[in-house]
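First chain written, first letter: the chains are A, B and C, and each begins at residue 1.
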Amino acid sequence: MASSVETRISELGLTLPDAPAPAANYVPYVVSGNLVFISGQIAQDANGPIRGRLGADFDLEAGVRAAEACALALVAQAKAAAGGDLDRIARVVKLTAFVNSTADFTDQPKVVNGASDLLVKIFGDKGRHARAAVSAPSLPLGVAVEIDGIFELA
Amino acid sequence: MASSVETRISELGLTLPDAPAPAANYVPYVVSGNLVFISGQIAQDANGPIRGRLGADFDLEAGVRAAEACALALVAQAKAAAGGDLDRIARVVKLTAFVNSTADFTDQPKVVNGASDLLVKIFGDKGRHARAAVSAPSLPLGVAVEIDGIFELA
Amino acid sequence: MASSVETRISELGLTLPDAPAPAANYVPYVVSGNLVFISGQIAQDANGPIRGRLGADFDLEAGVRAAEACALALVAQAKAAAGGDLDRIARVVKLTAFVNSTADFTDQPKVVNGASDLLVKIFGDKGRHARAAVSAPSLPLGVAVEIDGIFELA
């Protein structure tokens, strides 16, 4: 039987990606106590990395889509950390979001809302998190957004 | 009776801002165990966002003032998380500070000292924290500094 | 008798630096529960700060060396936090790595691998961590890399 969170993901018409494997000598997440520290997830979809820079070649709408992709990847990693059962996630605790930005782009929060809104849609009140939304002059592979996260296990 | 930390804040001639409400679908802080994860607080005062870029239109002194404003906002959020009683804060654990900087500005630590010094003035030894001070090419609303924090509750 | 982790550090031909003192009103680490939150460690060696920007005057190999220097400093701080006994480190939990980068440099992960690889060499499986690798347009003192960390004590 699908978990209630999994059911909601289906109802939203979303599909979790495979939990992306890290590209190097680190791991996608570490569980310490009941906290799950999840590695920075870069924006990517079935077509590969979602590349772009806000304020240059990438508009707000595209940025929101990129942030949603990061959030889905975080959920996929959280699912793995929870032994496959997303109902064991007690809370999304904190996101730190880096938006690939030109020096004159100042709408990082609106971009990162793509991730925040999606997590609340998926987890309900348990999805409401603390967050920081900042910019970076470049990101791995040229992606538009990278987000790491701390989740709490029940 | 005012708490001893509140008394110190008054003696320093400071006034805590109202704990700023988040601008989107997230929350100002999440408590997990005895840790409080506080969202990135942007520099703002009674006149609104404190905008500027270090190395360009904003000098070190102004940067220090901006970092102080972030610290005050963090304390306001910590107070809310502690049910209004700042004496329940056992420790300021960690700050991550982002300074809106040109590529040739390298005094991020001196800017962030505005926040660190203020927290030690307010909390005494409990205010001594670990921190990271880095730069960002831009920040939400064009503010000069954004700082998130982890505080520990007694 | 040297601890087994200390023995491995020696066998790798490495020497831990003195745990660098912070340059301001903060502390190198804070222990909360069994987590150690370590301040951002800038790249430096016996000759002082390792300055450079990836994509400009600093190549990948030099970036890897800078990241290694940050990792060694993190280990030195973790040792201090563990009362001098690195065998009390149960896990390297999370690194957040900032790479001083031009806007067109996108190999931050390869740079940060210098730190990740070294931690796994030193701690074995306990050294496998979650991480975020992003860029910054500038860093304190002009260093090439800054990395903060969360370690878990046994």
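Details
Throughout what follows, contacts are C-beta pairs under 8 Å (C-beta built on N, C-alpha and C of every residue); 3 or more make two chains touch, one makes a residue touch a chain.
These figures come from a predicted structure and were not determined experimentally.
Chain copies chain B and chain C are related through a rotation whose angle, from the C-alpha fit, is 120° to the nearest 5. Although chain A and chain C share one sequence, what matters here is the overlap of their interface residues, and that overlap falls short of half of the numbers used.
Distance between chain centres (mean CA atoms), chain A to chain C: 25 Å. Among the residues of chain B, those touching two or more other chains are numbered 33, 96, 136-137. Those residues of chain B lying in contact with chain A across their complex are 23-30, 32-33, 37-40, 53, 96, 98, 136-142, 146, 148. Across the complex, chain A meets chain B through its residues 33-35, 55, 91-96, 101-110, 112-113, 116-117, 120, 128-137, 150, 152.
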